[in-house]
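The following block contains the structure, expressed as structure tokens.
The letters A, B, C, D, E and F name the chains in turn, as written, and every chain counts its residues from 1.
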């Protein structure tokens, strides 16, 4: 991952994943493979995809065998062709066979997300809009999903509830009005925190603009309403379209001139890419 | 989850998921919602699906507000119609707004897996074959995925590397032959552990049968080979078909008479079901 | 603490603090006090102060005796007089004697920070400037220090390295120029993240203004330079004064018209307030 | 720290402190600094002080970059002059910029405590009395504070509730009398554990002496009473003065002939020393 | 356990023990027992023994079913007859069947240690000597073993390396002499810490006495030498006999007049007592 | 240990054991031994035994001093004579003195179990029966006990409640009959899981055979009943004798022709072997 800090958090999650799979021992490998047996294995993509997760793959095997050797042929974010090798690893046969599934479970999911994000981003190439993610992620796997979105060319949204304000309809309702909710937020937060407001119609857009929201989300609006909203906002806030985002609606949404298009599809519907390990 | 023990493991994972999302605080809710505000919310399915994860949803909110009240209308494994309410919860507005996303992230993924498993299992109703899962699961989310497969009517496979032997091609290669691999395994394991052998052709099936493997996996075989294998095995081992399992191939695979059909699709390609929380 | 989420993180830190003190057992209390002995104790302030940490005090005793009863006379942020009671607690004598030191260690430090913050904020009452904190906090105690600043009437700064961008001289040097550093940051981060730039002179202020930094820190500038900077910025960025902030310089800094004044003194030099527990 | 064991406990606390600051990533450094950039930085003291925490500083950077190189010019416990360099570190620019604040947060607090302890100890040079600390420490930071007291020339008190008996007024009250409390303690503890008794007047001193307490604390006594107590005890117990200990009262307290003077001021009121990191 | 603090540490170890046994689920109970089934079970001792661990037994079941009801007939330290009931528990059948083995694993070992300690202590009734334990305990089970020694009427030794000094032959050798080792220790430790010195002959006893060791261990000495040592020491240090302690040597060792007799046998050779759970 | 995975779980348990002993520091070694002092020590067996735990011994010292050097003379499972050296270690004197007790606590218990298991297995040499263990293990020490049984020539039983089904009398009672319990189990579990049924008489043996249990436990039966059971079962299920297993009954039990003999004695009654560390 890009950050050194990630090493600590990510390392814990990877060890946890290995423990989930291995538990009290890899019965098969322990019984059949000798400790001194060595193997060389290829990590190979059975389909064209945007790769993400190479460092995690290495981390899995490093934990099981600190002497493992790697030849890496691509970087995260690169597109590989069907049948192309991503890496060659060599070292302890036990480590390779015990770690195989966990390593692939990471890279298969991460590359699928990078690939789908890349498709979404490519689909709106003529426009300035950037694809961004949501908090609809798999519990305890968010850091890997967010990273993969970035590897696929997307732009990250806030990481969680703690690094930006997002005022939603329920908050507005509880506070009495959008303006009241905004003022309560403004009063209580750090000057280093941005406020995004979810709007559902042009009136709300105007209200959000009026209080000087940093980001205005246009949620589930028609294409026409979004166009109008973008014109009204006129660069005085960042705009983010949300709702009904699919590969087929993407282009018309981007054509409204919004700055960002957020969608859970790139993380939640990506599935896995068939990447295999061959001896 | 069904087991009391699970409470400890599952509780840790749910708290970890909440920490992942909330970090140093839910800035928005903390700023806008008063501690004494109460809410009632409906958990509603926007699509027909097989529900899984109701206990997890409750666990999320119980952690945030031990006084939360629940009305639950369905059980895990039940099919709900589009628009049907799954539950009504009432309690602290802060708890509901802060926990909403994490709770939905669990139940949306779990229900999607139950739903897809159910479709797979229904598709082979005329046959005895049972759908079973694999170890191709999301890291640190396996216990929820395995549970959802069961809620959807599937039958669980081994949980990890520690609770059954699975001899794969790489083990066979390392040991010299299927028979040698089997004997090494047999010699080293508990008498309480079953041995499954992955076979790729009829010769291997015969070899696996000869050593008395408990389960014989028919991996990526043609329908004809599978049929022949089932006849040769003749009930002397459990049979499990694997490879190229899709909704369209499922029926012909089941028609070969295999006991189990294992597929990662039910967990890896399920995506999420649109279940929402409405105030 | 205000957030429900905090309960999990804060609870872990409070349990950790109890374990630090109690280790393998409170030898004295275990030897001398019977399990069924009860006590009533007053939490009393020996000096006038702004209180912070009442919930933590309760949490300490709740962990040791879930049946403890509390009468609480003030709220966090309230000013108490010398000799005033903050709370009366009654319950297990063992719990009270074992938890006393840990509970006081929290509330004494937290109240000292709230008190000093309050003094700083009061000192600049005629001006719009808000006192804000820094990341110069005690390791593993930051969440309590940041909370206390807020209780004392201060405004929080970013929590850590992860919730806002702060471009410092070292980053500028590494990137080549302030503008280059800003553009690299802008390109890589979420649209939900603000960028603060540290400036040391008027030229840098102009450069930061030119790239549209969200917040411009005026670091170690003379009062005259700060005044000029505020005029140049003219409301197009948030201004934050930093460096040489003491009770005696505070007034003239605030008089420059800056929006925020950040200082580590309110957390690092606060010491402890003498709050005691009397049986 | 001096003990190998400390490595495990201290390492956990240092990693925890890094996680507290870095959370889901150092946004600024990750965006601006390339992974292959190198830096050399000086750790420099802006004021004369007694240094403590050099090993912790190294540990912080070792965790972020195991290849970091160090030149260390002083040892813990040494006094440095204003402007003197403590260390030069070189390695990954990302590691240095990400770890800077956490490393300084440790060494600034630890050196402040060592410096203040040293001042206290120097102030009573003509006397035999040793300065010792208390349990009034920052939660989850005690091991660093106790270590710093020792680095500053002080003598450690018990670490927590588990490694020595301290009978206080509340225990005496609960047991019925000092003698009863002592006997209950004696009966229940290991023969390897010392018993300290807190006394408030000469009568209690006599009672403590009579039961053969290992250590007699003279709590909040007048100088005259302390002198008399020391004479009565006459070397038959260790004496420890406590209460109203400031730099100005220290000399007269020491002149009473007590063996130890305990004070929370050396840890609680030390603040931070201005130690900086310059590129 | 007697201390409230223990609740946190002991609870963690008990949960860890449950996770060790239950892992990803109690397959048998989950498959066969319905969640609403209730059971009543007797905890019965098949042999006469000194009971220890009743609170742990309760803790195990409380974790699995917070509604479990208990009738407890004896206290830790009581002697029960063969066939006597220790407790009756009633509640969830799943909780009882899943927790049975873990609960019994605790109480069987703990009661065996209490029973053996009691036998040792009874064997030297005419003498003042107290039986005490050692650090030769089962890794991660020491707190339960030490507690059981106390329940059996023994007296605890230091808990670990951190709560008392014990100078052994290797330390003496490394320091150059017993006196040098003692002085190094004295200089470096808290005034609240006792120093025990291991001696192997009369000369060492005299040297230890000369430096004023708090406790003098007479290690592997003849009965005659121990007698002589006790006379020489003459109450000026606590005496502790060690080495070759068995039920048959115990009486003559105690007759030498030593204060304590330490032995690993009471923890290491106790085995388990047959305590069963009957439905 | 044989499995790479074990490294993570075992490493955590070994670090936990070191923390249990060292706590806030090894006072004696820290005070007396210099950091640069080196030692060479022999691990020597004072009695003939079957060794187990050499890797754990190394792990203990590796954690305290990563530069420690080892000469290892035997492998786990080897029998050493009285007075034979098992290993020579050299490195930091502090690491050796601080780690000594913890390292020996592991290897002494593990070797005792391997030794007793070996005696049991040797005692039935003429028969095919294999000695196997139970779940009556020391809480949080099971992985070491199970490993030692294997090192001593025994065959492992299931690890916990999660890797095989064991239907006991209580399950049978709750389900209504052995057959009903079996069918409930069969229906709910993975096809990869074996079912063992506990039987107490010939009728139950027939019922278990009739439902095709994988393993039939003959619990507390007479030698004659066991013989009859083995004849009836006739190789159609694995047979396991349980109850009243001692060195004196072992031979006649094995003579009945059972496949496995399970006993808690090999783990619960093994005590410790006197293995020492000599400088």
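Convention: contacts are C-beta pairs under 8 Å (C-beta built on N, C-alpha and C of every residue); 3 or more make two chains touch, one makes a residue touch a chain.
Just so it is clear, the model here is predicted, and its values are computed rather than measured.
*Asks:* Going by the touch criterion stated earlier, list every chain that contacts subunit A and also contacts subunit E.
*Replies:* Correct list: B, C, D, F.
*Asks:* From the centre of subunit C, which other chain's Cα mean sits the farthest off?
*Replies:* Relative to subunit C, the chain with the farthest C-alpha centre is F.
*Asks:* With contacts counted as defined, which of the two, D-E or C-F, has more C-beta pairs across the interface?
*Replies:* More C-beta contacts join the chains of D-E.
*Asks:* Which chain maximises the distance between its CA centroid and that of subunit B?
*Replies:* So the chain farthest away from subunit B turns out to be D.
*Asks:* Calculate how many whole Å lie between the centre of subunit B and the centre of subunit C, each centre taken as the average of the chain's C-alpha atoms.
*Replies:* So the centroids are 45 Å from each other.
*Asks:* With chain centres taken as the means of their Cα atoms, state the distance from subunit B to subunit F in Å.
*Replies:* Each chain's C-alpha centroid was found; their separation is 33 Å.
*Asks:* Go ahead and note the Å separation of the Cα centroids belonging to subunit E and subunit F.
*Replies:* A distance of 23 Å separates the two centres.
*Asks:* Where in subunit F do residues touch two or more of the other chains?
*Replies:* As it turns out, subunit F has residues touching two or more other chains at 5, 22-26, 29-30, 98, 143, 159-164, 189, 193.
*Asks:* Touch graph across the chains, line, ring, star, complete or other?
*Replies:* Here the contact pattern is complete, since every chain touches every other one.
*Asks:* Would you tell me which residues of subunit C are touching subunit F in their complex?
*Replies:* On the subunit C side, the touching residues are 23-24.
*Asks:* Contact residues on subunit D for subunit F in the complex?
*Replies:* Within the complex, subunit D contacts subunit F at residues 1-9, 143, 159-160, 163.
*Asks:* For the complex, give me every residue of subunit A touching subunit F.
*Replies:* For this pair, the touching residues of subunit A are 15, 18-19, 22-26, 29-30, 35, 63-65, 92, 94-95, 98.
*Asks:* Would you tell me which residues of subunit C are touching subunit A in their complex?
*Replies:* For this pair, the touching residues of subunit C are 5, 130, 132, 155-159, 161-164, 189-194, 196, 214-215, 238, 240, 259-260.
*Asks:* Which residues, counting only subunit C, touch subunit D once they are in their complex?
*Replies:* Touch list, subunit C to subunit D: 13-14, 16-17, 20-33, 37, 39, 93, 97-98, 101-102, 104-106, 108-109, 135-144, 159-171, 173-175, 181, 184-185, 187-189, 193, 264, 268-269, 271-272, 279.
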